[in-house]
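Take a look at the structures below.
Each of the two complexes below includes subunit A, the first together with subunit B, the second together with subunit C.
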Partner chain A sequence: MSVRRRGGGWSLTGWIFLVFLLLYAALPMVWMLITSVQSQFAAIQYPPEFIPSNPTLEQYARLLSPSSEIGGQFLRYMWNSIYVSTLTTIFGVGVAVPAAYAFSRFRFPGRNALFFSVLFRNMFPAVVFLMPLFIMMRWFGLVNTHASLVITYLTFGLPLSIWLLKGFYDNIPVELEQAARIDGCTRFQAFWMIVMPLSTPGIIATAIFSFITAWNEYVYALTFLNSDEKLTLPVGLQRFFTEYATNWPGLMAASFIMSVPVVVMFLVLQKYFVRALTEGAVKA
Partner chain B sequence: MNDTVANGPEPDSARPAGRRPRPGLLARIWAGRWDYMYIAPALIVMLLVIAYPIYYTVVLSFFKTPPSLAMSDRIFVGMDNYVNLLKSKSFHQVTINTFVWTVWSTFFAVVLGFGAALVLNREFIGRGILRGVLLIPYVISAVAASYVWRWIYHSDFGVLGSILFRMGFIEDKLNLLDNVDRVLPALIVVNVWKEFPFAMIMILAGLQTVPEQLLRAARVDGASPLNQFIHVTLPHLKGVLIITILLLFVANLNHFTIPWIMTGGGPAGASDIWITQIYQIAFGRIRFGIASAYSVILFIVMVVIGYFYVKALTAGDDRRRPS
Partner chain C sequence: MAQVELRDVVKDYGSFLAVKSVSFTVKDGEFVALVGPSGCGKTTTLNLIAGLLDTTSGEIRIGDRKVDDLDPKDRDIAMVFQNYALYPNKTVHQNLGFPLKMRKLPRKEIDEKVRAAAGLLDITHLLERRPRELSGGQQQRVALGRALVRDPQVFLMDEPLSNLDAKLRVQMRAELKRFHQDLNATVIYVTHDQLEAMTMADRIAVMEGGILQQFDTPERVFEEPNNLFVAGFVGSPAMNLVEASLNRDADAFVVESDGWSLPLDAVNSRRAAQATGPDIVLGARHSTMALHHEPAAGRVEGRVYTVEPTGDLTYAHVYLGKSIVVVSADPQTRIKPDETVWISFDQSRLHLFDARTKQRLLPE
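Up next, the complex of A and B:
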């Protein structure tokens, strides 16, 4: 990490650019929030109200109350999303940790080929896999189950998880393990008792990344799931839109609730997340 | 390891021998057998969910598949799917759309991301908060983002149309998503909104590895800020820029959610790109054979890009970590 340049001569163009960027990035989300606290009637006024005269939490109350029809549906979608994302994260990290460690530490034939096949996965379009996976899921009787999503997300998250974790393992000095080996640890013990605790930040970063990716995933959920009680939030949101087409405040409230977990997770753990994104491309 | 010594260049001749120049391949695999245990779970999952589907897609692309998807009834048609596809008029239109969408999305995301990274590379109060706010579009769900923008673009009640009308830029209602000429640019704006934070964070990470001494040396030698940027910062960022551009290019080529939710490829196919078209053929018209042929073409394009991607990645790897 180098010392950053001091701010100082901020040119006018710099300021204009900054303001433009901020408006571009933030206003759509602000508008989502504003619309979500309007009544349905107020939302379709022309010209629109920029500050709601009668803000109401009615949409949120409806979406989050288990007794109302929409609320029951919405909470079910949310639960499905939590369930699928959590399982994906747990299995994903469980599989990625040993693989990343092996890629970082061991020299075995095929190591490079394997590693690049792992990276290469990043390049393949989801839709290429959609049809064969759909047919395979039918063979295994997994269509319309959450297992189909967990397996798919797990696999598609793996290359990045392994790549990211390997970066963390590369930064842990081998000498620590060697010392442990000398003190009588087996190789697995050295891995489990020395390396694992040290790589906790890496594991957290990987876990958040898997969770957010699974939470937001749309196209596989759209294809593999068909019954209403199985849908995850992104697909459920679409179902909402077709059923309650004119209820924009409701849709915006649902979008907002859906965004809250990932945005909170991201803001709290921003440091790790940024590292997750840039690790690998920018090795210092 | 003494117990796994093999001999000679032929990997399969595991004769026990006295001298040990270099163990054979099989011997080295055997020696590393416990190492493979660590990657076995990853390997098995990836083979099942990635390698087999690729193979299966290629196979399907030579068949006409029944709508029931009972694969025992499929009919071998040779290259017909490819020929029909490449000859069809829609393929050309969709290819042009894909090109426009991918190139412009990538271009604007990188330009905006670069600018944002330069701003964030200075120290000022609220820098961390600003970075957080700018990154939010990247983390929220593309589905939610698509609906928000659809609402903003709404031709009757959309906030964008209303603002532009009041400021006098437009005379009538703003019609973006139903207009053949404007729909693709409108979608690109949404996509850039979602993606520029990624470019920003990558380039920012790259900027922070530019050694301060080099910049100071350039300053002492009398280089203007512009020259410092061109001759010190930019060469340093080359690797990061290439990887960012490649990753975004691929992501855009494969982007499904925004066009699918916002327009579904319409109006009149004006915002149809390869991915949405493949999905439509496969799961709308249930023609897996043609869609597979389409996928294979896309796949070949990806492999070519992937080659450059790996090359760019490994170039950095060799240079920085000689051990």
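Up next, the complex of A and C:
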């Protein structure tokens, strides 16, 4: 590693810019956190209390205790979200990996047409498909099931996952597989033992991407699900708190809990994510 | 080690024919270079032998086995790639041991063989490193080592030296040749560099347009090229090829081109008699021609275009009518641009090509 001093002028503007970005991204989170530990009364008083005088974890305790009515409901929403997001991720990666590999390695008739048709979906905003998909789900009898959400999320997530992973496979020299096949691997073993380990960062990035998209999705979950039993967190949160007047600290506590898995996952795996998005931009 | 035989091998991609009915036999222990310009089908041919591509028709035999339907892993071959294709997430030791591991050899035996190969290539101190921590030359050795540990029937090499810098390439060229001699290995070596082919190979297969143009020893490919393509491809500087026409003068023939003529000797006249028409191409290497300051019988007048001293030899580019030919001369020779000179030809090493068939004319 070489240590170099950057020019002072650029460094200062750079810092100001970064601090501004940080505030922009972090302030809402901080506000959410502050509000969540205040009492109902303190949360709505004016001028607002920036540093809570009587912080309390009451809301968190309530939300996370399975025995209370609200806690039970909240934990069920959370479980539903985990279930839907995990299934979406597993199926998404399971399909995207072989599809991206095929697009990257094999020359077959209609390859380009197929590849662009995969991306074609992304030309339209997701809401456009809300009614058609709802009607289709009704035909299939899937309304008010988690399957309807998993299928929908796959429809939206797969094209980007395939695109992302294909970039990864394109960057793995085909000679590595050829060498492996000569060294004693079958075609599948060459893929499994040589290509897979090299594409792990890409697969992890794709998994995070699928998971987060499914975890945060609101409109389809709101439309396709109607029984309280099935609701996922984003929809659940909203219903939950309009029913019992607006409990701001409670809502903020729930929002905070909801963002924890995503933030943790992102922090742990962010280096893979960054690599996935910049792969191909820079030669190794 | 084993011999490799190709019989009428064809590779058709549908939209284009990459290899058109190629047949040749590489003898046990022989070093054969497949050489030609890019897109000539040499790498495709190598991949067909390796089994990385399927033949459209024809037969490939390694030793006494027909291998067309075998997977690469069952053909008992080893391959060295241009970009080395070392497994980036494995150490050098694991890279070398991988082919043995796939053959389910016991760990102790793998370790012994890996260390033996590493010792041979002088890379023992690198065994725990990963490929990206190695220099180009070291990676090259590891790639060679991975081919070596297996003790395969045939070594296939796809431009293994072209990613190295010029100096290292010359050094590795010598090492590879020595390695072939010591192991008595059968090697099929693809290169676009005719000099590599000439210096290393026992025999050279020159390819162009998916067709095997000539398969012969380096000396014969150099001295007796089958056709215009081989004549122009092999040798540096390239053979001078000048379009001309034949005129019969009693028993002998005279080659004529714009503004000059050259009477042929008896042997070349017999060759000229085989031509299918009057149009021919005259071929002469720079070393078979000489420059003179005064005219004489059998010399052709020309005008110097430019002079290139290289130290050992001086190359004079001379206008012969409208074409330029390169003639080598002793560095002491005094020649200046635009000077008039006379060129003499060593007729025993002159080549005549039929302009229509592109083939070299042979006596009788």
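As a convention for this text, the second predicted complex is superposed on the first by the 252 of 284 C-alpha atoms of A that agree within 3 Å, B and C clash if a C-alpha of one lies under 4 Å from a C-alpha of the other, contacts with A are read in each partner's own complex, and residues count from 1 in each chain.
To be clear about the criterion, contacts are C-beta pairs under 8 Å (C-beta built on N, C-alpha and C of every residue); 3 or more make two chains touch, one makes a residue touch a chain.
This is a predicted model, so every value here is computed, not measured.
Visitor: In the overlay, answer first, second, both or neither for which of subunit B and subunit C A:Leu176 touches.
Guide: Only subunit C is touched by A:Leu176; subunit B is not.
Visitor: By the touch definition at the top of the document, which applies to A:Met32: first (subunit B), second (subunit C), both, or neither?
Guide: First partner only.
Visitor: With both complexes superposed on chain A, which partner does A:Phe108 reach: first (subunit B), second (subunit C), both or neither?
Guide: first
Visitor: Which holds for A:Leu12: it touches subunit B only (first), subunit C only (second), both, or neither?
Guide: neither
Visitor: Is A:Gly184 touching the first partner subunit B, the second partner subunit C, both, or neither of them?
Guide: A:Gly184 sits against subunit C, while subunit B stays out of touch.
Visitor: Comparing subunit B against subunit C, which has contacts with more of the residues in subunit A?
Guide: Touching more residues of subunit A than the other partner does is B.
Visitor: Using the touch definition from the top, say if A:Ile51 reaches subunit B (first), subunit C (second), both or neither.
Guide: A:Ile51 contacts neither subunit B nor subunit C.
Visitor: Using the superposition described at the top, list the residues of subunit A that contact subunit B and also contact subunit C.
Guide: Correct list for subunit A: 284.
Visitor: For subunit C, which residues are in contact with subunit A within the complex?
Guide: For subunit C paired with subunit A, touching residues are 47, 50-52, 71-73, 75, 77-79, 81-83, 85, 87-89, 98-99, 102-103, 132, 146, 150.
Visitor: Across the complex, what residues on subunit A touch subunit B?
Guide: Counting only subunit A, the residues touching subunit B are 1-7, 14, 17-18, 21-22, 24-26, 28-29, 31-32, 35, 43-48, 50, 94-96, 98-99, 101-103, 106-110, 114, 116-133, 135-136, 138, 151-152, 154-156, 158, 162, 212, 215-216, 218-219, 223, 233-235, 237-238, 241, 248, 251-252, 255-256, 258-259, 262-263, 266-267, 270, 273-274, 277-278, 280-284.
Visitor: What residues of subunit B sit close enough to touch subunit A in their complex?
Guide: On the subunit B side, the touching residues are 25, 28-29, 31-32, 35-39, 41-43, 45-46, 48-50, 52-54, 56-57, 60, 69, 71, 112, 115-116, 119, 121-124, 128, 130-137, 139-145, 147-149, 151-152, 154, 156-157, 159, 162, 165-166, 193, 197-198, 201-202, 205-206, 208-212, 215, 239-240, 243-244, 247, 250, 253-254, 256-257, 260-261, 275, 278-279, 282-283, 288, 291-292, 295, 298-299, 302-303, 305-306, 309-310, 313, 316-317, 320-321.
Visitor: Across the complex, what residues on subunit A touch subunit C?
Guide: 173, 175-176, 178-186, 189, 194, 197-198, 284
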